[in-house]
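Alright, structures below, take your time with them.
Each of the next two complexes has chain A plus one other chain: chain B in the first, chain C in the second.
For the complex of A and B:
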């Protein structure tokens, strides 16, 4: 036996360094762009420079004649080649009458956003492919572009010239319209917030890229893709190309972050697979950074209107929300579903008797939108938490007090509570979260310092912003997804197998791209089976190794996939127990399993380590009659409910009134993600999540001109924050186990982002409140803050 | 993005670089640290057909005491400026401003000569050179000439250097013990200035020189502030003139009105810190 037999101490709940990190930190991680095969061809995309234009003609001969160029294909030629049998998929047709204009990998008649692909070059080098793409001469008939949601709504131009409106769908969530009406009719206070969720460019450390390798014998293609969703990709490629699933193998090698932007089925993926299959040569592409603003979907893009009706004391009577959502030029995989994911959360952590939500989706001639860290939930949390501050001001109480007056369950612990948005929250306990956050932030001292600065009339004013968020994650109960018209289930699959050496292999359908699945799954298995976490090997991200899976998004990995692993361990133990009973000549009911060994109750000397049983299961020399050899079990877990993590964040900002500069002075976050497996990973997820939300609040925005050109597609002026911009954060947690799964875990991948944008903007507004400022748009740039102050002061500089 | 095809020549000496420039004319570009030129090439905003690499000319990387001035080789990196004890003592604004450029990897590759020759109005070091009243040495096929800072920057990304000239040295008058300040306003630590202001109160009766970053097509001295100060105006009154004679750019970081306001605020802060 080579595995460690001594049982380790319990590892779940202890901070452990991630086992995947040495490889990644020393440059040993193999990303798609690191993998090369002989004879590979590079794709160079010819992209439309216009947001909306008919393609009049395409002249490819100069490019085709260039040295090193293998082929040039226009959209029309590709369509004739019969490489696909269906357009790119939208798996979430939110309504039966949703408009979904066909979207093929390469446009044939018209381009609908800047960067829409109109032709593809194949060349033997990356540079050659780009040079040749520049030689393709396309004549366009430029059409009017729809460059914003406001223009889409206005409708004087349409984003698709053959559609007579830009509206894609209307989706209501109106559990009780009459009750809502009544709540507003009899309210003492009504506050209304109108917020812009600007477009964001996801900026994972690793850009997207693909490499499709045909098998030498032909007919089979292996696709390496920088994707979060190899399993979903496989199904979708099969469905759009007609290639049988058995001929497709999708591998997501080391993947450097995704944040939702790698949760899609992209033109490049389909092109690589079909062209490799057709030409019998490997085909590859890696997006450049500036290309990513066009070749990868963007996040957010909503106009929100939220109203809260409340009684005299600020107790909420109703919440009414409408959003206009920017789909961009096409429906990508879950584009229209993103606002729906948020719809249920506009009631936040509050006891809201009456609720109503409507969403209109609109097409624009901009890069398509889709999931981006939080997907719908940061938007929801932002709206309700900003509006709660407005309500606090109206009622004349502090932002902490208005929240406490409205918490679900009176701010105390609850389980399985039905909310006005029709969901049942698994568990919560919001009051203590607020207490802990205020205490850790030093709230009373902060308020005193703020007052001191105000009294002294200092030019650097301070603002304190609170946010109590709840999020919906652990996607998801398949039935609930079905109810929303989503095109797949929400289960996850796991295999746990003992090897003859006594080591354990775990196969998971959940696909990590930076989250640390290998570490967390190993810890779960180590504790369950009483083995060393280093004796656990986690296999993933390759459809040939883990054929069943639904991948990683929506903070679902642990709450669904990790739970499946734990449940498979239980089944392994059950079977091992039967073998142990047989071999130890004991009654199975008399056996105890602890510390990695079966022991006969009351006779500690009669014991057998699980590794020995595993070996016996492998040799099968002495198994109970009729039992199958080997110790391997699988589970497909479909949770009965979502999980609802929550927390309270406190942001402290300093606003320099002379320049408008906002700096984040301090940040406190108390997060509750249920039972924690590895607190170090939780901390890392919360850190990154918070910064991503702060980034939306202060720095990031994809800006477009009136013609639909992105003004800042490069890192020169698309401002992703670095470590220098954020203070060392104070993190803490409360633990309220989920009732949705046996581990009691909730997700934590998106939580930070869901809490932080609102906390920061609440803080900025708090700093400026003496001027009567009640709102500021994101990102709160220095220029915008300074102008807001000038306007509030009455125009004088 | 991916640059257009280009030939590459590695220069063995300054003279070899000049010869290569003479041979290829406008088509050639000197390559020093590459941190301004390569990004432009990647966006295909610059498409030279020959790159003459001077990055390895070690004899043009030095910081020497030149008597009344500090002599800095054009190939000296920002990092070397930042950490030079000589500069910290005798021309501290140069060391400090170098430490404000970009991020550490930029400072380890980018050179003083490249930063000045690029002539970017948003760059930091040109303002430090202007406020210091420095000069640069240009070497061409016909020998060397000295160009005062005030004559170096001639247009947007244009300098007085001829196409066949190489900048070899930068000279900074000693300002030992003089008051100085650099106020860089940006949104993230590694960013270019939205607006910047450099001030050096030269001890020798020359008055205080104030240079502005990103307030027009070139790095510029603020003559309005300078003459107000020499006329005895208070720092506050002089700073109020900071936007005069400027034509600030408009971009996502701010419009002209905001930049003009920033110039006034930052010049005031710079003058206060420099003790003018």
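For the complex of A and C:
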């Protein structure tokens, strides 16, 4: 095969089928729970049934004597064994004085949320571990529980009995407080929205699980974990256990979705590694679905207050926001940073002259919170987009018009524009996005149908909701993260190497769990090097194969990791060019690279395919003096700026006024994620994201009773939607390349979620607006909608 | 206790505790790990297989209750390296992302089409109600099933 025969396909931008699929479709994909080794021991977790309690005593003998039980350890025993040298890490201490009570894998003196681990059993079977855990008898002295943000604020009880307040931090983003005050003082219109971002259970379909395999003589430990962040996990395990980092190998095999829930450093991961190392036997655990409400962090959990000041025409003068954020019982890896990720986006896609944001973080005795798809950004877009609808109503214009009047850049194209929240938006073009969405949704016809139903007094009313979002991804410029007190950088690493036979291996530090990196990265490489994407193998998710990386979260993979791959290809081409020039006895400046081959300008017959150069680099028989053999290059890309995707979503709902039932009739989304590598994958990401946001708006909520018990931990009561609850969606896109990277890509993993909850609730409120309803809390369940309608009707009469 | 059944055309047998769930027998004892477990309340369908030609959630029954039956798991769907038409449709319509729900979806969808070879979009959505997916928003799953049924006209956009 020569490169000219396999002419470059220009595959970037085409909807190419995924290489990942055959394995996953046939059951060949191996998730953690599919992998077994001889002699493995199963962990069973003994979990506190109380949200806040001192541990009085633990009786382990019945469990220890059970057949097949290897050991039972209490938190105190584990502490004495010296398995860890530091508490579980929080990598984002958002302020210097942030309160961060120590959090060890197993509680020693007190449990701080239902499900906090108080003892661990090791047994030789899956079922045996569960049985033995049930035989451990723990006596508690129950303490008052803080079961909501309101209670945390009130402070009559504290979530940690040795703290005198529940407040963890106060974080301000106040670029110009005087200007903000002036904006509100002189405003014609001020609208204020108070919104609840309910707690959500991320519910990736694959539960989390671990398998740690020791090598007793060599001292190494290999950890298989259902994680998004093997690289971060490796550093953090070394830092918390004192095990030498170089002796740890972390592998994320096939991972069944993450959505942020798998980016933490969890007690089970530390327990498996340290116990396996201590005992010289493999140790494993897989969470049950109902356990996941306690063993895996949750998302959202915020009370938001947003105010917009505007002039008579609805032109915004200022936006002021305060958030009270529920940390849960402990600071996990980035718990306190999640609201900050949203803080910069409360100005939305609008030209906001004055802005201010404050956030107070509070401890409660509930499962810790942390990143969940969008992490801070869905909350931000929800608040500003709900408030914009309120402003539209106050000014007396439509939701589309109020947005048009306020678009950054006047609704036209812009690049590198500084916003009042101190960011520089890489690029945008908001007007055409809304035009396209309204056109695709058939907005005028929808309004006409809505009016018809209203006039006819039908019981099924229709609501139309818009959301014009912007989000921040491509996390992140390392310096910017440093400025926010984040404990790591935001770069990504890539290696591109030609193998002797002309095939290409790519090593990436980002860690897919459903996003199709193998396919997309192959496409980038194929176009760069002029080869067939099927000749590219992408290696990832194993720290022994890909030692450098910062993993996958925050829609960062393509805009940072994919760009690193592209840049590494450029370096490969540079080196190959020197070899080609040497071997073709030409001047490197006279060579062109196209179609996978170097050609001397003006003499097309004088050509050399890159595969031949790769083989020459491997044999190293005839390289320029001093050049190292092999054709392999690496790049660590640290982006100069974030990327800011945007879009317009239009939700159409039908509200049954007799039952309160809301059904999503139609959904249109125009998203702009910059240059697209694989539109098929882009659309898939958007579909899934939309439904998660719709689910927050209409169905999902982790609800807790006054004692801090989660009332709906299983799929029986936690209503993850099925195919029957959602419609097909109409998607389209605009393309505004990013200026933050040479590919012009932005990121799309979270966009759907960031746009959809606000669009849906705006639609529900729109349907109910004839009754004077201006707001409804999420999830807009039938009971809540029905009650709202009844109250509104009562209020009218 | 010894439990034997025919799985993907081969007779299989393993010695298990009487309380062993069928899904754990298939996964842990027979080593066929394509069938997944996504919940503990029979809600998600990740464990869907065919028993005597009908789809069933393998977490809802004991291995012992399936004694002597004829079981098909996802590993039995492709034929000598050629994907089953439903698997092929999922691939072509991007009906999977992380792939965790996929074996169960494919099993449920094939049995749906067996009962109703020409379903409408609404029928597909209703028919897959017992199978949860957190990644795809179902759009492309529904499209895959309609396409496998030879009815891709009302599969949504694209």
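Here, the second predicted complex is superposed on the first by the 786 of 797 C-alpha atoms of A that agree within 3 Å, B and C clash if a C-alpha of one lies under 4 Å from a C-alpha of the other, contacts with A are read in each partner's own complex, and residues count from 1 in each chain.
We adopt the following convention: a contact is a pair of C-beta atoms (placed from the backbone, for glycine too) under 8 Å apart; a residue touches a chain by one contact, two chains touch by 3 or more.
All of these numbers come straight from a predicted model, not from anything done at the bench.
**Q** A:626 contacts which: chain B (first), chain C (second), both, neither?
**A** Neither chain B nor chain C is touched by A:626.
**Q** For A:290, decide between first (touching chain B), second (touching chain C), both and neither.
**A** both
**Q** Please determine whether it is chain B or chain C that touches the greater number of chain A residues.
**A** Counting contacted residues of chain A, the larger count belongs to C.
**Q** Using the superposition on chain A described above, determine whether A:711 touches chain B (first), chain C (second), both, or neither.
**A** A:711 sits against chain B, while chain C stays out of touch.
**Q** May I ask you to decide whether A:254 touches chain B, chain C, both, or neither, giving the answer as first, second, both or neither?
**A** After superposing on A, A:254 lies in contact with chain C but is clear of chain B.
**Q** Mind working out whether A:18 is in touch with chain B, chain C, both or neither, as first, second, both or neither?
**A** After superposition on chain A, A:18 lies in contact with chain C alone.
**Q** Taking the superposition as given, does A:724 touch the first partner, chain B, the second, chain C, both, or neither?
**A** In the superposition, A:724 touches chain B and chain C alike.
**Q** Quick check on the superposed pair: does A:794 touch chain B, chain C, both, or neither? Answer first, second, both or neither.
**A** neither
**Q** Pick one for A:457: touches chain B only (first), chain C only (second), both, or neither.
**A** neither
**Q** Across the two complexes, find the residues of chain A that touch chain B and also touch chain C.
**A** 126-127, 288-290, 714, 716, 722, 724
**Q** Applying the document's contact rule, which stretches of chain B touch chain A when the two form their complex?
**A** Touch list, chain B to chain A: 1-2, 4-5, 39, 43, 103, 185, 187-191, 194, 251-255, 258, 261-262, 265.
**Q** Please output the residues of chain A touching chain B within their complex, sorted ascending.
**A** Interface residues on chain A, with respect to chain B: 126-127, 130-131, 288-291, 658-661, 699, 703, 711-712, 714, 716-717, 719, 721-722, 724-725, 781-783, 786-787, 797.
**Q** For chain C, which residues count as touching chain A in their complex?
**A** Those residues of chain C that touch chain A are 17, 19-20, 24, 27-28, 32-41, 43-44, 46, 73-75, 77-78, 83, 87, 90-92, 94, 96-103, 106, 121, 124-126, 128-143, 155-158.
**Q** Show which residues of chain A lie in contact with chain C when the two form their complex.
**A** 17-18, 20-31, 33-34, 36, 126-127, 203-207, 254-257, 259, 288-290, 513-516, 680-681, 683-685, 687-692, 714-716, 720, 722-724, 726, 728-731, 752
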